[in-house]
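Read through the structures below before going on.
The following pair of complexes shares a single chain, chain A, combined with chain B in the former and chain C in the latter.
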Partner chain A sequence: MKEQELKYFIDVVVNYFRDISGEPSEMGIPFIKEKNTILLDYTGLIGISGTKKGAIYLTASREMLSEITTILLGYENPEEELVVDMAGEIANTIAGNVRENFGASFMISVPIILKGCPEDVIIRMIPPIFIIPIKWRNHSAFLAVGLE
Partner chain B sequence: MDKTNVDILWIIIASSLVFIMQAGFSFVESGLTRSKNSINVAIKNLTDLGVSVTAFWIIGFALMFGASASGIIGTTSFFTPFSSGVWIAAFFLFQAMFCSTSATIVSGAVAERMKYSSYIISTVVISAIIYPVSGHWAWGGAFTGVTEGWLGKMGFIDFAGSTVVHSVGGWVALAILFIIGPRTGRFSPDGTVNKINGSSIPTATVGVMLLWFGWFGFNGGSTLAMNQDVAGIIMKTVLAASTGMVATLIAGWAILKYPDVNLVINGTLAGLVAITAPCHVVNDREAALIGAVGGLIMFGISILLQRFRIDDAVDAIPVHLGAGAWGTLSVAFFGDPALINNGLSFTGQLAVQALGIVSVGAWAFGITYIFLYVINRLSPLRVTADNETSGLNVAEHGATTEIFDLYTVMDRQSRTGDLSLRVPVEPFTEVGQIADRYNQVIASLEENLVAKSDYVSILDNVSDGLFLMNRENIIAPHYSSSLENIFEKTGLSGTGFDELIKSLVSEKDYNSFLEYSALLFDGKISFRTLDRLNPLKKIDIHIDNRKGGFILKHIECSFLRIMEEDTVARVMAIVRDVTAETELASEMEKVKERSQSEMQMFYRILRIEPAMFIEFLASLEDNISRINEILENEKGGLKDMLNEIYRYVHAIKGDANLFELDFLARKAHNFESRIDELLGKENLENSDFLSLAVMVSELHNTVSQMQTLINQILSFQKDFTAHNSGSEELIVFSVRNMANRIASKAGKLITVDSKGFEILNIPPPIRRKVKEALVQLTRNSVIHGIETPDERNSYGKNVQGKITIAASKNDNGVRIIYRDDGRGIDFDSLKNRAVNSGKISREEDSSITREKLIELMFQPGFSTAESADLNAGRGVGMFLVRRIISEMNGRITVKTKKGEFCEFEFAIPVA
Partner chain C sequence: MKMLIVDDSFVIRKTIEKYAIDLGIKDIYTAPNGREAIRIFGQESPSLVTMDITMPEMDGIECLEELLKLDPSAKIIIITALKDSATGLLALKKGASGFISKPFTPEQIRDEIISVTGGNI
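Let's turn to the complex of A and B:
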């Protein structure tokens, strides 16, 4: 996994948060996870195949997703269902952006949304997994990249 | 009775004509009913002729014309002895024919559902009892010429039998119809009357003509003599028939809006029946009128029967009963009293005609109904529904026609789809010709079907995906099942192959295929060229499994052109799933590759005692974890984090060198370089740490590889030295190894004295740290402290430098001593370095104490070496040592004498 490729993924996510909210977002210090991985409330998992195989995911807290939902849709205190849908939308958009940048060289799957279930996630990622904290407002989401 | 030969002759001729009416009835009934019952209808007509004549001979004639008992019934001449005289013979002949006529009227009405056996019973009942008795009431005594029947005595006139013959037949038929009910399908539940078409109108019309012809004798012969009336009677008969037909035709046409052939036929017959009673006492105009009205009445009664849901298969009742009643009444309406000559007034005649109609009706209807109702309870008069459907030809007579056989087989074939059946071919018949052609059609269909099932079988079982593709890349309907398995998708016919692969391969490959496909269909390009251009020759497809992952398959596609003349009509594609083989091959490749690079690693590791190596790996993993933790926890400023990380990387490098694992040491060195770079940067950003994370992962991978290898080695190793014992050797070994390695590179001679080093004095948890510290000190000693052999020699020292390590325990904790007999600390050098690097100013220069300088020595970045290399020089060794000891809450004491020794003492408290 090269630094440049990682940077591309990170840029897609950081830019996305910045664009939809108008507020700044930035990456934290990246680190590695060997066996376990970090999962918050909701996780959007995107499978990757082709020249590189594995998966990436974005995981965020309910609060963060709630706030984003509020910004995008205007509802105060959105319900769980809506938040989950939002998670799916975000994952889709990010997958689409990733596809735009990399689609020529590798296959990007349709993303799925998971709640918890670390086994489902780990099974797709090729270790070691790079975890990059993504900071937005006072929240931290995590972008995880597990590609060969 | 005195009859002349001419009379007898006429009676005989008339009888013959009436006989022909049997043929007429047979034709009419067969023609107006369905062919599946044709045999049944015909044979009933023939049968009732024989049965009725027999019954009439046995009792009928006697009851009708025997000596009368009170005008009700005849009592003599059973088994009529007609051979006893000419007159009786002729008379019997004539009357027998009339009886048969009455009997045969019934067969038409009840056709298509009455059992043959039941019909015979009813024929016997009519001919033996019903007809003769009512006949006696009207005509009793005719044989002797003296009226004896009670109706006749009252003045009832029925010349040739409108009532006696025809209406009796009608009444009996009506009674039976009430018992057996209508034919299946004749009346729908909602009240619709469904037309049931006859099998042959031409046959029916011939029948009518025969009946008409027969009527010449029926009416003409009823004079029982050849006299002047005969010609007129016959003529009036013909006229009535004609007007009956015409009137009914016109009326029917007007009402139904089309000329119904049934009305033409039955109108004629109605006219004939109507004129039968009065023909001897009316004139020609009256005859015409009677015939016409008879036809119309027949029409009306026919509609009435349908309204009442009474199914008369040939309209026998409207004709014979309806017109018959009218004819009987018209004797009173039109009959010339002078010719009637019985003294009755108009109303009187009318009354007695009506009486006759009613009494005969009651008798005929009543007796039939009672008798046959009882018989019906014992044995149904009607055939079963199935038999009615399959037709009485088959059901009653076991007879079939070729058409029926053809139909039966065709029906079975259409229901079962069994193409192996063949219909029977009756040679030299029209149906036989049809049957023969049909068999040929079926045979060729069967052939095609068998061939088709062969192909389908192949397609279902072949393991490759086979399909045909047209110019637009559309997949044709018949393809092999494996195609669906390969692409994990069903219902592919009509889909474009390009669409199918679009989501499974990269954009680049998809576009390549589109271009390739266009070329495929260009007939001018050679096959070999095309083959080289095939982008799907060997390709990976990624099927999104909708669970955030992919199913990866390796496939090989080849495309063959199918030419039609000079153009490419279609392309046959073969898709082979080679996933299993490819995975295996690539696994083997990977193993080979891994092997080569791992060999080096392997040899290095082999030289190391496994137990020690495990210890080393654990330490390595630990360091890596620490680095990762620093990244994860983000404590302190970025620069602080970098320094922290540096320490651990340095330790890793040290360890790697210890075991002469160049590849690892190199990686660690690169890591250090990078950290240095970042430390020199003005504005550090989080993104700068990306490269570090990548390096951590690389280290990690290397560790994994080594882990795998050591596991492999271990599995060969039988003995397994204890972890603890390895430790002792590990620390001493580490020091010794480090010393030897660097010494040989630096061209120095070193020995390590570990006599006082008792490992058990050092608690296991801190051993690793102790080792790290000692190894650092060793490095420094060998590089900076200990002099070259020549130098030592010139000082009078032993050419071999000595490093002494000792470990002891006391109440406070552990006491570890490291001592080398080298130069000792060079304070001047230290001072210069400090000044040069700006750590102290020139002013402080003179007043700086040794303690201060030693403190500086322990700070990071303070190396007196010219430049850094794999072994030392970054100036962090001492800093690391200090960190290690302070982590253990220990204290360092430094003793030194210039030119003689340098000693470090660690006092580490133990809980």
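Let's turn to the complex of A and C:
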């Protein structure tokens, strides 16, 4: 994974939050997790195939996902099913948007949505796994990129 | 006017539906994949469709082709996270009337619907 490739993901995340809320996210310094990983309340995981292989995931708190869902739908306290689905949709949008840089042979799967911290999430990721910290409003989230 | 929203994301189906209702569209149907979309399209004959591309069962490009076989006059707007130019060109080549990349704004959805329908909502 080259530094420039990691930057593609960072730019897409910043633009995502700016486009949906008018407020770009602040990105922390990426770090590497070799074995275990970080998972918050809900996680959207996208399998990658084609020129790159592995997976990416976006993990976030329920509160953050609820706030984003509220922005989209225009009402407070959206139903839980919508909030859970939001994790998959953000991961899907990030993975789809980086195709602008990686090209059409960067193939993405439909999202897999995970609740809590299942043990097997690491299986699809190809180490080293880069963890990119995301801060938006008063919320923290993480984008993990594990590609070869 | 009847409209069909096809996307595997529940939150995106609800979001597009809200924007469409705000625009005055009343008869709105939704489908989570291409196969269900074809079934509803056959029953309800919507004149406007929004279509995701990456979906389980049948992807949006294949579904687009099937819907246009059933009704070549249908207006189909692709709404996808796939932001590369090749995907946009492919969708238009296959007969899509419009293309929006995610994340989208209410204004983008409104403008594209008005553009492809000529404002006949």
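Operating definition for what follows: the second predicted complex is superposed on the first by the 141 of 148 C-alpha atoms of A that agree within 3 Å, B and C clash if a C-alpha of one lies under 4 Å from a C-alpha of the other, contacts with A are read in each partner's own complex, and residues count from 1 in each chain.
We take it that a contact is a pair of C-beta atoms (placed from the backbone, for glycine too) under 8 Å apart; a residue touches a chain by one contact, two chains touch by 3 or more.
Just so you know, these numbers come straight off a predicted model, no measurement behind them.
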item	value
Chain C versus chain B on the shared chain A, clash or fit after superposition	fit
Vertex chain A; arms to chain B and chain C (CA centroids, nearest 10 degrees)	50
Most chain A residues touched (candidates chain B, chain C)	B
Touched partner set for A:Thr70, first chain B, second chain C, both or neither	neither
First, second, both or neither for A:Gly28, with chain B first and chain C second	first
Which of chain B and chain C A:Val110 touches, first, second, both or neither	both
Partner chain(s) touched by A:Ser140 [first = chain B, second = chain C, both, neither]	neither
Minimum C-alpha spacing, chains overlaid - chain B and chain C, in Å	7
Overlap of the chain B and chain C footprints on chain A, listed as residue numbers	103-104, 109-111
Chain A partner contacts - residues on chain C that touch it in the complex	8-12, 14-15, 18, 54-56, 80-87, 101-103, 105
Chain C-touching residues of chain A, taken from the complex the two chains share	16, 19-20, 69, 72-74, 81-82, 85-86, 88-89, 92-100, 102-104, 108-111
Contacting residues of chain A [partner chain B, same complex]	1-3, 6-7, 10, 26-32, 34, 45-50, 53, 55, 57, 103-107, 109-112, 114, 120, 124, 128, 130-131
Chain A-touching residues of chain B, taken from the complex the two chains share	504-508, 540, 542, 544-550, 552, 628, 631-632, 634, 641, 686-687, 689-691, 693-694, 696-697, 700-701
